[in-house]
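Chain nomenclature is as follows: A, B, C and D, assigned in order of appearance, with residue numbering initiated at 1 for each chain independently.
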Amino acid sequence: MSTFTLAQVAECNTTSSCWVIIRNKVYDVTDFIFNHPGGPQVIMDYAGKDATAAFVPIHPSDTLDKYLPCEKHLGTLDEASIRELRAANQSKGKSRDELRVEEAVKNKPPLGRMINIQDIEEIAKKILPYKAMAYYASAADDSISCVENARAFSRFFFRPRVMKAVSGVDPSTTMLGYKSSIPVYISGSALARLGHPLGEVNLTRAAYKSGILQMVSSNSSLSYAQIAAARGSSEQPLLFQLYKHKNDDIAARRIREVEELGYKAICLTVDALVPSNRELDTRASHYLEEYENEGKITRGNAADKSGDVSTLGTAGGLIVNNDLDMTWEKTIPWIRSVTKLPIVVKGIQCVADAVLAVEAGCEGIVLSNHGGRQLDYSLPPMEVLYKIRCERPDVFAKTEVYIDGGVRRGTDILKALCLGARMVGLGRAFLYAQSAYGEAGAIHLVRILEREIKFAMTSLGVRTIDQLAPELVERVDWQPLGSKL
Amino acid sequence: MSTFTLAQVAECNTTSSCWVIIRNKVYDVTDFIFNHPGGPQVIMDYAGKDATAAFVPIHPSDTLDKYLPCEKHLGTLDEASIRELRAANQSKGKSRDELRVEEAVKNKPPLGRMINIQDIEEIAKKILPYKAMAYYASAADDSISCVENARAFSRFFFRPRVMKAVSGVDPSTTMLGYKSSIPVYISGSALARLGHPLGEVNLTRAAYKSGILQMVSSNSSLSYAQIAAARGSSEQPLLFQLYKHKNDDIAARRIREVEELGYKAICLTVDALVPSNRELDTRASHYLEEYENEGKITRGNAADKSGDVSTLGTAGGLIVNNDLDMTWEKTIPWIRSVTKLPIVVKGIQCVADAVLAVEAGCEGIVLSNHGGRQLDYSLPPMEVLYKIRCERPDVFAKTEVYIDGGVRRGTDILKALCLGARMVGLGRAFLYAQSAYGEAGAIHLVRILEREIKFAMTSLGVRTIDQLAPELVERVDWQPLGSKL
Amino acid sequence: MSTFTLAQVAECNTTSSCWVIIRNKVYDVTDFIFNHPGGPQVIMDYAGKDATAAFVPIHPSDTLDKYLPCEKHLGTLDEASIRELRAANQSKGKSRDELRVEEAVKNKPPLGRMINIQDIEEIAKKILPYKAMAYYASAADDSISCVENARAFSRFFFRPRVMKAVSGVDPSTTMLGYKSSIPVYISGSALARLGHPLGEVNLTRAAYKSGILQMVSSNSSLSYAQIAAARGSSEQPLLFQLYKHKNDDIAARRIREVEELGYKAICLTVDALVPSNRELDTRASHYLEEYENEGKITRGNAADKSGDVSTLGTAGGLIVNNDLDMTWEKTIPWIRSVTKLPIVVKGIQCVADAVLAVEAGCEGIVLSNHGGRQLDYSLPPMEVLYKIRCERPDVFAKTEVYIDGGVRRGTDILKALCLGARMVGLGRAFLYAQSAYGEAGAIHLVRILEREIKFAMTSLGVRTIDQLAPELVERVDWQPLGSKL
Amino acid sequence: MSTFTLAQVAECNTTSSCWVIIRNKVYDVTDFIFNHPGGPQVIMDYAGKDATAAFVPIHPSDTLDKYLPCEKHLGTLDEASIRELRAANQSKGKSRDELRVEEAVKNKPPLGRMINIQDIEEIAKKILPYKAMAYYASAADDSISCVENARAFSRFFFRPRVMKAVSGVDPSTTMLGYKSSIPVYISGSALARLGHPLGEVNLTRAAYKSGILQMVSSNSSLSYAQIAAARGSSEQPLLFQLYKHKNDDIAARRIREVEELGYKAICLTVDALVPSNRELDTRASHYLEEYENEGKITRGNAADKSGDVSTLGTAGGLIVNNDLDMTWEKTIPWIRSVTKLPIVVKGIQCVADAVLAVEAGCEGIVLSNHGGRQLDYSLPPMEVLYKIRCERPDVFAKTEVYIDGGVRRGTDILKALCLGARMVGLGRAFLYAQSAYGEAGAIHLVRILEREIKFAMTSLGVRTIDQLAPELVERVDWQPLGSKL
């Protein structure tokens, strides 16, 4: 295998010849520059340089093998260059943001003091690097749907029943036939390693230990195989959240890969075909630049000058190459032709599409507006669920209905279940939990939800999940003041 | 009787042999550790030590006689040990919280400046020890139901009638046949002695002097007999709020005890069978720890480390051993078989259960969600009352309907009465009043309410309570801005 | 006439013998102590002393002649005592509140900078002595009705019509047949001299110069004769707001007095029979005491100690001796038997009573909840007006309907007129205007309203008042965010 | 041509002889004083003086030629006077407000950091002179309609459809037959040169480069000819916003002038016939006076003393001489008799008038309340649009319906289009964009909207504008909390 010096690499810093260093290895990415999902600029920022710190946390380890032909894996740095690079990294000193995070980690309270989801979110936001926080927390435009997702739950109150036998309350249920200890699953969400080195694996292990299910994102920061390998047993069910590539062959290859790895369902994402305007995420690099410069605005880069309006943050690099012309008639049968796994459509946002999904024979649907991260002013899933209950209750008998977005409390979950949802997904909450406390954080989160669910079931006069019924909730015509938001 | 030294007691500090000192007496509580309603950890914190300060304010004086066999009452400390203990307590110095309370008591305004309930609550919260305040003020989860209980009243406006003869307005009425000077009773609430050494007795005396009724909690901090003894005359009616023990014999014994003591009704609690998540209460010990350490987080105890999610504050030690399998069919007849007292069901939260209570022959029902302290998002009682008025007005003819939760003003009380309630209960308000000003405070509170009720009756064009009618109130479709919350 | 020394007066300081000095004259008020509308304590505070400063601003000059037999007008102070008293008053120094007012008056902006009612109110609140401000601004209990009175207007939006001929817009109208330049009258309100030495006379003169009508309160701080004498011509119409005394003879005398003085209508107050709980007013003396002591609480007076709940501020002394047993059947015919003046009933708060007033033959009704100063949660008049429009529009044809409470803008006035009101009354706004700027302030206020009304009429496509119609307004189902409150 | 000295001009400073200097030329404006649309006082402030700085930014360059007879163009200053004037202006020093603006301009972020309309507005408000900002930002009375215009959009949510073929989304449409790249036009708004020296020309150029249409205000600060000359090609369509003069001949002359210049439509303003109460604008001169004096109030001018209520800010000088007696019957046929251009009525505020406009044969209507700058509490255009959709959907087939007011996001625009609007106008947003960043700013604004519109179309499952349908939006019965306002 060839070795190179830093100087040799440094010469290849143009779009005609572009080399980068990742984990002391040298790659020729010239042909890939304009195919990079995250856009060419991000690569050119590291042309001829060490890209390790930027590359590692957001790419699964098999990325280079999968997407870069082996002849472009040129070789390694020589020993002297490796030493030089390490020394350079060490001498660089820490950024203000890194110092802030270090301080926050030092002051992190013990896990036992986290008594609700909100506690965990607050701590996580403090200990996350700013860019990671901005990616996790950001929502579309003015965050209306994101905020309303949570607020929708607060317009549903309970009509608890008393004098019911409730000893031995049991919150367990199933999803696509797989047992879950509580009616909650970990929803697919990208880039868990932005928050914790073990990333998605924290969640896989926590899911196993707490007896719940995990949906794995196409944009996970570990490879699908690494995640599958982290299962507690080969029986532990994983669901796969698919972003269908516009190229059917590539899409089919991905589906077959996860089926072979033992994943149990294909959850087709239909609400996030193009990158959205997530302003916290988009502004993150500007914010950081000013933060590191203690408030001074620099008037640097090209985008600033051109007035380009298309740069869209971390998320902009993930939602790419999707099939924009999927239809019920074409796409569902095509997936059936590729795999035997059950199909769940994730991102249903109105009654009419719930009905079409049933007619297309989907085994499940997720009422979701992508956590308010895509189209702002998309109706909150809880409102859509309520409409299905009022207008088309037959849907619940014909497919499994899940819901995600805005869930903060066990009571939120029970409200959704009373109206007909079978399971509730949480995404950001698990990202925050594993960011702040790793696997233990994710388990702790499940325990909190379990406690809240069991308490609320008892208080509603309900012993098992199937006793939850629409009559137990009421949509009120006022907005609670002390709402959690 | 035997005497012991501090050293002897100190040796018995394990779960195999656990002694504690209370009021200079020595008790062997080994067999009781795991039956303690408040959980074993609380006892083990004092194993081999003096537990007086922790035990006294929350246990009636007959607790040890009732629950600990006499052979476990080992004896007393010797004189030297008693002196040593007293000296140790004195030398300990005062905590920051105690000093804060002392200062607040010094600045407490005279009672005459309290012109409404809110005034009293604010002062009480200042002069209460933090833990007591947290127990009194706390509510479930996000305090939604607690806040909405009060806010529900603000959606009802009056249609006052003019040119009605109203001189000599009379706000008196009856509850279960017992006369009350105003349509208000003191609702059952636990642990009055957290706020004032005389605790529940302040309320009993104030009730007598102001001519209203008192409901005594199963979890009172004085014994039922002590409270009965504080009555102004043997005719003064007391009602008993029953938490039914899961063991029928124990439950029957408690009912018979209070019947013999002269209590006049059994108010069966049905909305608080298991401990709830009252976050202010749960966080109180963490808060205090940090407060005493001037903001520094210590990472102390076991629960913190294990990430245990079941520790639930002071309230967690009270709501225990309840019968989780009560039913209308079984439990009401069983109570009838034990006692001749009228039965009131406390904690009705929907129309359907109000109807079932009528069918079960209950003499009264309390529309209540436990002051928003149990299931968050349980409908506000005022909304449930309104629904009964709209959907099942026959209920009001068939049983007495009471309501508690969120009452702040005489106008709130009249709104409830217009819709069909017979009496309104206040719990926290009386706890705060007696905490801040003892018996005089509780009497003052009644006088404020009486003034407000009489003024509002006059202004509504109503001379007697029975003239209050649904036509005098109107549910509006907007939320007042200057709402008291 | 006898003369007395300060020492002689000082000896008569008990309830058995109580003398006071007012404007250097000596009065024996012993027999009057317990008949004093403002209660005995207020008099006893000045027993044997000079009461001038407390007495003058809130009593008309004929009070002593009217209510104290002439033999109790004992005489005057001797010259030396008069000098001594003046010197004592001068040497006393100014209170903090007086100094604050002086500074505020110095910084008062010129009248021309007041461009809306809110501007005037803000300045007036700054330059008023605290007690006067508290009396003017206070409202009942939690000020819900007071705030909602204004907010109710904000739920009505306009449907303006375009392409209508609107040149020469004319906002004039009539009230009980008397011409008014704009559809606004000065509503009866007590104690104008608390804010300005000329008090009600400022308003009478401004009404004349701006061509609008004035309603004079029974509790005016100038005598009815003084106010009548201030008219610009004997044709200037004054209306009289009657608080009917429980003694029919006294009441009849008062009615005949004003009829003889040339007042044009009797406006019978029916919504303020007993004193209400106006907390700002009630707390004013406590506030001032602390303010003068720079924040220190003193624990002074008897009421504080006894926990008396009946002390009710300045207002408590005004609303006294009213007839609590008025009825439609008895009282309206009785007034007719005493006077030929038209009868307006002020304080109608629901549709049913509007209908009864029509049936009783009243010439006019004022929809009013006394500016939110009496029963809190009484419906806003604008809502009552809307209900009459929806349920009983015949009322508008059968009597003149006026409305007061919460009016801040010309648009508010036009909304009321569109729904059927004939005139709109403003009380506090005129008190504030004359307090801050005297007669010119009150005229300026009319000019602002006239400008706003004319502009809005033009913009609505309306040339004359009678073209205003219900179709021009719409009650919306949302609450504007930027509401003026 | 004559020349004059400063001294000569200075002598002519009375209403009998009034000369002013503008751009070193001398004009006799004596006969014009009382015909000045902005009132005589503004002219007299500069009688005998140099009026250049006040005159230039708000008058088109042809104003003097058009309105002042050529014999009143007296001549120029002599060279010495010109030098003296220049020196005087330079030595005057900068005002606090000018210094504030200079600093703000220095800190202005690069255009590329503006990622939404709100960003641009915030920067523009910082860099604008206070008076310009106050004129642009001000709204009527309490700004209720202005705020609610924007807020109305937030009550409409989307029901996005998934699994629709959306590649190649196309947001282009037409207005009166003229192509537009996105369904947005620049609405007519006065005085663009208050914000930027190139004023309206920035907008004309930006419209050309981004392929959208511009409506030019009668009150533009450049002449209609100058604006026409700035077009990118003679085909670029300009629309003319007409304020119809009360004198038909003058009005006809104006219409013919713009028709000859190539303007493509007459947009008749019907919602702004008389000046309104825009308080920020009205208070601007007082604010500035205090600002320059560092907070001290001066009690200067005549208006202040007289308590005059008619002074109404910059806007007061613009909305003058309008025809107050326009009617559907008379005015539309009259315009037809003068011009062949299509007629759009701008300022429809209710369903009934939309129908009348259709019956009058108008080619288009603009639902508008003048950006909330005229009659406060006029219904938001989005609400009027929704009512037309519900009550008279035939209107959309019979005329083109546009809407302006409160638009902030691409989602707002799509909501309006779903309900039936053809185009959406933005006024203030373009003023702000060109004020802060000139032509590039206006283009950037279009690009932002284009990105937002295309993203939202894709997310709604819509490929072309004509696929937008009422079923895609839903009016919700709650108000989003995180609303942009």
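Following the convention adopted for this analysis, a residue touches a chain if its C-beta (ideal position, glycine included) is under 8 Å from a C-beta of that chain, and two chains touch if they have at least 3 such contacts.
As the structure is a computational prediction, the values presented were derived from the model and not from experiment.
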item: Labels of chains that are neighbours to chain B and to chain C; value: none
item: Numbering shared by both copies at the chain B-chain A contact, with half separating same from different; value: different
item: Superposition of chain A upon chain D: rotation angle, C-alpha, nearest 5 degrees; value: 90
item: Chain C-chain D separation of Cα centroids, rounded to whole Å; value: 45
item: Distance between chain centroids, defined by C-alpha means - chain A, chain C (Å); value: 64
item: Where chain C touches two or more other chains, by residue; value: 477, 479, 483
item: Listing of all chain pairs that touch each other, if any do; value: A-B, A-D, B-C, C-D
item: Contacting residues of chain A [partner chain D, same complex]; value: 141-144, 146-148, 151, 155, 270-271, 273-274, 276-277, 279, 282-283, 286, 297, 299, 301, 303-310, 324-328, 331, 345, 347-353, 356, 369, 374-379, 383, 477, 479, 483, 485
item: Complex contacts: residues of chain C adjacent to chain D; value: 107, 109-116, 154, 156-167, 409, 411, 415, 440, 443-444, 447-448, 451-452, 455-456, 458-460, 474, 476-484
